[in-house]
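Pasting the structures here.
Two complexes are shown next, each including subunit A; its partner changes from subunit B in the first to subunit C in the second.
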Partner chain A sequence: MSLLKDFSRGLVAENPVLRLMIGLCPTLAVSNTVINALGMSAATGFVLVCSNLVVALIRKIVPDEIRIPIFIIVISTFVTISDYVMQAYFQDLHHALGVFVPLIVVNCIILGRAEAFAYRNTVLSSTLDGVGMSLGFTLALGGIAVIRESLGAGAILGIKVLPQALAATIMILPPGAFITIGFLMAALNKLENKVL
Partner chain B sequence: MDKKEIVRLGLILAAFCVISAGALAFVYIFTQPQIELYARTSFENSLKEALPGAESYKETEKNVFEGSKGEELVGWVFLQSPQGYGGKIGMLVGVDTEGKVTGVKILSQKETPGLGVNILKESFLSQFKDKTADDPIEPKKDIEAITGATISSRAVSNGVRQSIRSANELIKRF
Partner chain C sequence: MELFGIFFSALLINNILLIRFIALCSFFGVSNKIDTSIGMSLAVIFVMTISSAVSWALFHFILAPLHLEFLRTATFILTIAALVQLEELYLKKMIPALYRAMGIYLPLITTNCAILAVAFLAIDYRFNFQQAMVYSIGVSLGYSLAIVLFAFIRERMALAPIPKWFEGYPIAFITAALMSLAFLGFTGMFGL
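Let's look at the complex of A and B:
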């Protein structure tokens, strides 16, 4: 039961982007198209799950005083691995995401989960927590991207959803990210007030 | 914290760094050939798009690639980087031996999403084909600029005009 909770926590109740409001920088920057959002989510998810797993695995041999530098080493190793793999096999995506791939190192979701969860929990719980948080990040990022791309470009993944004349370019520019994320947070808060 | 403790922590940290470096070296060895191969072929393909008539390309001067078919010189591809709205636009312009533009290919750009990014569209780039030194090559004259992106359109036009000028200088040398 508690394992299920470890997994589901990140989806809605503690959604990293829309509830905890961490990891906003990549969220705002790469949610302009659905394909960018999915690519970013995949890379971040890979790093998050791997770092949670490894941090939980080594937590007994890591001295308390130097745990943060060690977390950073673990995280940056996985970020660099995903950067290499993307560069080798998904060049277009790597080109579109640009500097935001190396910047996953400083994504607070990953260090936050390492420090707050994986350092204190078993390997299984931590991995599930990583998967749940990754999915939560994907849901938030994907949701924002679907709204922004359909309203801003009039098409999702190349499929037309709106006549070109109705597309508002502002939605795929930075202000569109703030507007969308604000409405989504408000909607989620309203929903929670109703349920509870 | 006594000295011994500092050394102990330092050694533990160093051990983690070594493991991490080892893992990265392993991944690097596997992915590097693929990354290099991609960088090479994608640039070659871009050269081919700019100057389709040629079969082989050779960098004769900095940012100038001579394209030839067999022994015959077909034209040149110029690597230009005009100043756009969001930064430099990296582009290739092919010009044949008669001074006519054969193709334009944008390699890198940081223009505004939804506006300046439309310089990548074929409908915009194909306008430059067959232009010569006799054409003005300017937005609002013979080039239809992209709506809301005059600066980006002008930057690409400047790159094309510059390439024609360089090509004509090379032609004169013959």
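Let's look at the complex of A and C:
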């Protein structure tokens, strides 16, 4: 039961992006198309799950005083792996995501989970926490990307959803990201007030 | 002329906060008051210039000759963390006034992704040392410009009547969208 809770926590109740307001930079920068958003979520998810797993494995032998530098080395190892794998097999995606792939290393979600959860919990629950948090990140990022791409380009993954005349290019340009997330949060606030 | 282009591109056209979306946590986190935004800007200008010089030299004189390019992510982040500590000690002892102005923002800056991003971008764009320096100064001034302007607007907004659900972060994001729109207007300037 508590394992299920470890998994589901990241999805809605503690959704990293929309609730905790962390990991904002990649959320806004790569949500212009659904493909980019899914690629970024996959890379971040891989790093998050692996680093949670490794940190939970080594937590007994890591000295307390230097745990943060050790976490950072673990994380940057996995970031380098995903960077090189992406460069080898998904060149277009790697080009589109650009500097945001190496920047996964400073994504606060990953270091935050290592410090707040994986360092204090068992391997199994840390892995599940990593999977749940990654799915929460994917949900938020994918949701924003669906809104932006359908309003901005009039099509999602090549499927037309809006007549071309109604598509507003501004939504896939930088200001569109700020507008989308601003209105999403206002909507969440309103929904919450209604429930209360 | 080329250096001029690099500088203005970094300052306005590709503004790191509003167009490139890097370091947004600090953009929303410390822009409540003008004072805090100025403290953060000073710390960013100071740390970014020094750390991009050091990481450029590390990459070109140590990592590249030894073919250890794959270590750059780990190297840069650890270098920046160590540098921030050193700079903090130095400022505390030598320039206490500046140290007080920066306050707690100096240690926080280790997690500011703009510092790391500029180190990576200067390598990716194949800048020489002079270009890398001009670029990092341009980026840090662009950061300061955007965050201080945003803090001015947010201080005014604290007094304005805002619909209840938009209070706090949502209205801040909408404001940022309008600023981003304004900065988008610089596209194509100077033929860049």
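Note that the second predicted complex is superposed on the first by the 188 of 196 C-alpha atoms of A that agree within 3 Å, B and C clash if a C-alpha of one lies under 4 Å from a C-alpha of the other, contacts with A are read in each partner's own complex, and residues count from 1 in each chain.
Everything below uses one rule, namely that contacts are C-beta pairs under 8 Å (C-beta built on N, C-alpha and C of every residue); 3 or more make two chains touch, one makes a residue touch a chain.
All figures in this text were calculated on a predicted structure; none of them were measured in a lab.
Engineer: Tell me which partner A:C108 touches in the superposition: subunit B (first), subunit C (second), both or neither.
Structural biologist: The second partner, subunit C, only.
Engineer: Mind working out whether A:F178 is in touch with subunit B, subunit C, both or neither, as first, second, both or neither?
Structural biologist: In the superposition, A:F178 touches subunit C alone.
Engineer: Which one hits more subunit A residues, subunit B or subunit C?
Structural biologist: Tallying touched residues of subunit A, the top partner is C.
Engineer: Once the shared chain is lined up, is A:Y84 touching subunit B (first), subunit C (second), both, or neither of them?
Structural biologist: Once the two structures are laid over each other on A, A:Y84 reaches both partners.
Engineer: If we overlay the two complexes on their shared chain A, which of subunit B and subunit C does A:I73 touch? Say first, second, both or neither.
Structural biologist: Both partners, subunit B and subunit C.
Engineer: Just to be sure I read the superposition right, which of the two partners does A:N193 touch: subunit B = first, subunit C = second, or both, or neither?
Structural biologist: second
Engineer: Pick one for A:L139: touches subunit B only (first), subunit C only (second), both, or neither.
Structural biologist: Neither subunit B nor subunit C is touched by A:L139.
Engineer: Which partner does A:V12 contact after superposing on A: first (subunit B), second (subunit C), both, neither?
Structural biologist: In the superposition, A:V12 touches no partner, neither subunit B nor subunit C.
Engineer: Do any residues of subunit A touch both subunit B and subunit C, and if so, which are they?
Structural biologist: Common interface on subunit A, subunit B vs subunit C: 69, 73, 76-77, 80, 84, 173.
Engineer: Using the touch definition up top, name the residues of subunit B that touch subunit A in the complex.
Structural biologist: 1, 8-9, 12-13, 16-17, 20, 23-24, 27-28, 31-32, 34-35, 38, 42, 112-115, 148
Engineer: Provide the residue numbers of subunit A that touch subunit B in the complex, in ascending order.
Structural biologist: Touch residues, subunit A against subunit B: 32, 61-63, 65-66, 69-70, 73-74, 76-77, 80-81, 84-85, 87-89, 91, 152-153, 169, 172-173.
Engineer: Touching subunit C in the complex: which residues of subunit A?
Structural biologist: Touching subunit C from subunit A are residues 21-22, 24-25, 28-29, 69, 72-73, 76-77, 79-80, 83-84, 98-99, 102-103, 105-106, 108, 111, 170, 173-179, 181-183, 185-187, 189-190, 193.
Engineer: Using the touch definition up top, name the residues of subunit C that touch subunit A in the complex.
Structural biologist: Residue positions touching the partner: 18-25, 28, 70-74, 77-78, 81, 111, 113, 116-117, 120-121, 124, 163-167, 169-174, 176-178, 180-181, 184.
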